[in-house]
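Consider the two complexes below, in which subunit A is the common component and subunit B and subunit C are the respective partners.
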Partner chain A sequence: MTIHRRTFLGVAGLSAVALAGKSTIGALAKAGEEAAPAAGAATRWAMVIDPQRCLRKEGCKDCIGACDKVHNVPLFKDKDHEVKWIWKEPFENAFTGEENPYTAEALKDKPVLVFCNHCDNPPCVRVCPTKATWKREDGIVMMDWHRCIGCRYCMAACPYGSRSFNWLDPRPRIPALDPEFPTRTKGVVEKCTFCEERLAKGEQPACVEACPEKALVFGNLDDPASEVRSLLREHFTIRRKPELGTQPEIYYIV
Partner chain B sequence: MRDRGLIFTGLVLFLGLITFPVWYNLASGTSSKPPELKLPTTEKQCVAPTETMRMSHMEMLITWRDQVVRQNDRTYVAADGKRYDMSLTNTCLKCHDNKAEFCDKCHDYAGVKPYCWDCHIDPKLVQRSKG
Partner chain C sequence: MFMFEKAVVGGKRYWAWIGALSAVILVGFLCYLLQLTEGLGITGLSRNVTWGMYIAQFTFFVGVAASAVMVVLPYYLHNYKAFGKLTILGEFLAISAVTMCMLFIFVDMGQPMRILNVMLHPTPGSMMFWDMISLSGYLVLNALIAYVTLSSERKEVPPPHWIKPIIILSIPWAVSIHTVTAFLYNGLPGRSFWLTAILAPRFLASAFAAGPALLILLCMIIRKLTKFDVGSEPIQKLAVIVTYAMIVNIFFVLMEIFTVFYSQIPEHMEHFKFLFVGLQGQAPLVPWMWTSMILAAASIFLLLVPRYRRNEKVLAVTCVMVFASLWIDKGLGLIIGGFTPSPLNVVTRYVPTAPELAIVVAIWAIGLLMITVFYKIALSVRERLAE
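Our next item is the complex of A and B:
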């Protein structure tokens, strides 16, 4: 059998049309699938802190204790080896951007709670070479300790010092091991995760639950009826180093 | 042909020497005996068929890890419809509460050393160190 040029061109043309059609239909079907889960209520976790309330009970460390306990945070006395998830910092040190030499008496030299700001534009995420830290859809800047190679780029990038490196084996320095949450090892970085493991069970972060003065309020910024949103409506709040453009999601009532 | 005796003695000695490891293992009974594992007493069924678990529990654990940590999805639905929290300590070791006589025993036998326990905790060890 011989194929004439005309027949060949005809068959080739038809095949090309059929192939193009198939991939178009495929692409359309895919677009349909991807569009589906985008619907539904959005969540953007954030925290509002009232430093004045926090100061009511002097020397209180309930939130810090609760966090350290449920996350097996080690206790190193030596400042060089310190591992911190949530801690207190003098007001002026936490809010260096204020540059106000006349801080109100109520806050001057007073300790305020600081921890990971779960920034909307997190610099730590940008520099992590292994995607061991990334921003979840609900805004939590998450850590995957399985992927952390201990390069500490994230620590250099974080303008808040929210990240700690394990210079030594943390296990012997954990006062009471809680088997439910894994420890970390020497050579990995750690920080607050907004208690994502508790949120998954519908619980509040451990620090929020532990606070006797309700100085910490946690909630969803995308829900206009949430308590965090109403606090932000009713009070003037500041954030740490907003001039850096990181968009921190911890708000402080002043 | 005067050397026949010497040659055969030499051959026998030689064969005996190179096959020594085989005889040694047969005599001490260490090589081919599979380890005896302490199975859970209260539960009858694992999260997947026993054969599947034996073959691919490592892959399952890696999947669980990625699902929980990276996808924020913590529920595993077994083939029989049962739901489990995807957790190494809080699920696997809840049933297999004797890690030393189960996981470790088989791993020692197979020469595997999972590094998971550098961070994940065997609740038994915590109890022991407490009292």
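Our next item is the complex of A and C:
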């Protein structure tokens, strides 16, 4: 009997720890895993971007607009206080060290879409002192906005500048509030979450869906038949700062 | 309680000083309330320069705290008697500096009410977790040591034997606080300025110059204001420590500069260019960094020539120069230079705002207030014994 009770207490204790460890968003994360295709098979979400397609429609910001809208991303006029989930960065800034004096003409100032790379070996997760940011089993680097203490260590650790901090209250700066998605408070870090809330419903990320040129392709790297895998097979792709060993999961077709 | 009764008796000058410090603290506190309601947006920090004055001051004062080991080690390990009168001053300096560090971290938090999450969700993989452990441990060690040794002194009995191993433990612990603080920065893949194994040794070298320099100045001030005189021997010995540490520190800086500029790797050079010549047309720190370098070179000269080092008037000026040089290097250049340019090669200007500076100055004032009160207690105990 005692052993039974002990086992029970052990299981209960472990469950309590597990519950404490997983936040509200952690629960959502679980839902995302369940929604993954082919039950039982591993999932590793990734994105392949075709910058040439992206450049076809000049000045297009459809993906950025769609993302900002569904995630209640605040609009700060002051560049220093900007909150950005997905944005366009000039080639030489997105791919520092890749520029040379001759390709510069073709690529200089050409915008490249950048966002969180959902690294396989994320430095932001390594440094977070409260596990407010963590890597899910499907590779998504998630954020718990209720646990974040706002120390901004993750921002110092991210070599891609993909994280934003709410320097001021973001709520009055949301252009059109979407009640479906949580707003954030001042003093916490946020970033792209690969639309895990949409994945949980079996939908594609908002940016992918919004792109009129199909320049963004999202899928499961662990599925050899997926579109991302076939694109990676057929094209030469590069990643941002691969030499740092972060293993970014956003691939750019050259 | 902890002989605090000794801190509430004092002359007009004492109370005027306490009052002035309190006024500065009050202004800073009001500015902090503003930051608490508005957010960290009231500072000069930005997307690209996410840490600034607060974290830089934290880093600098961890060094000051660690430097107490430079009086504790010779006295307790080498039985260097001349430092006997100094150890308590070093320990109280450490307590005040660690408290300042904790406050600097606290005011930098975006969600300070959640700070206990660091303990609720301990994350040994994060260097910030270890920094919390090492800093709070160091505070407890020094508070205990200072209390026990001073109480024994007051009762005119030798300190209990059990405190000795704790004092010995505080020596490697002092090294650990600054090492872990360096680890906060030098394990980050995208920040080339900090990505160097010499960072922790450099931190320690500059700490062992800046801390003892400050201690020399404090001893001189105490001598002027009170009947208590540590004597010239310990001051001269501290000056020798400052000399060695300052030379080692500059040697480390030059090693870093050789590695960066001989290898010619742009990502590593750009931070130094930003600090010393300017980058992308922006050069806000250039005058500061050259001032720091000139002060360092001049102070090393004044420390090396025995005639100047032994002249206490010159030594006082030299100590101010050492402290100022290292404060600029660590309190400005290290953090801002590490964030500029950003990993996307963007130079963002960071200028601390008035409320931000008021908060910084208030924390300095808290440190000074603590030193004043602690030294007052220690010196009152000694004055009474001398009577």
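Following the convention adopted for this analysis, the second predicted complex is superposed on the first by the 210 of 254 C-alpha atoms of A that agree within 3 Å, B and C clash if a C-alpha of one lies under 4 Å from a C-alpha of the other, contacts with A are read in each partner's own complex, and residues count from 1 in each chain.
In the analysis below, contacts are C-beta pairs under 8 Å (C-beta built on N, C-alpha and C of every residue); 3 or more make two chains touch, one makes a residue touch a chain.
Keep in mind it's a predicted model, so treat the numbers as computed, not measured.
Overlaying the two complexes via subunit A leaves subunit B and subunit C side by side, clear of any clash.
Shared-chain residue A:R136: touches subunit B; no touch with subunit C. Of the two partner chains, subunit B is the only one touched by A:E196; subunit C is not.
After overlaying the two complexes on the shared chain, residue contacts for A:V254 are found with neither subunit B nor subunit C.
Look at A:L55: by the touch rule set out above, it reaches neither subunit B nor subunit C.
Contacts of A:H81 after superposition on the shared chain: subunit C is touched, whereas subunit B is not. Residue contacts after overlaying the shared chain place A:I238 against neither subunit B nor subunit C. Shared-chain residue A:L177: touches subunit B; no touch with subunit C. Taking subunit B and subunit C in turn and counting the residues of subunit A each one touches, the greater count comes from C.
Between subunit B and subunit C, the shortest distance over C-alpha atoms in the superposed arrangement works out to 12 Å. Put simply, subunit A uses residues 185 to touch subunit B in one complex and subunit C in the other.
Contacts from subunit C toward subunit A in the complex involve residues 38-41, 45-48, 50-51, 108-112, 114-115, 117-118, 120-121, 123, 125-129, 132, 184-185, 187-191, 266-267, 339, 342-346, 348. Within the complex formed with subunit A, the residues of subunit B that make contact are 65, 69-70, 72, 74, 88-90, 118-123, 126, 129.
Across the complex, subunit B is touched by residues 136, 142, 144-146, 177-180, 182-185, 196, 200 of subunit A. Listed in rising order, the residues of subunit A touching subunit C in the complex are 21, 79-82, 89, 92-94, 96-97, 123, 126-132, 147-153, 155-161, 164-169, 185-189, 241, 244-246.
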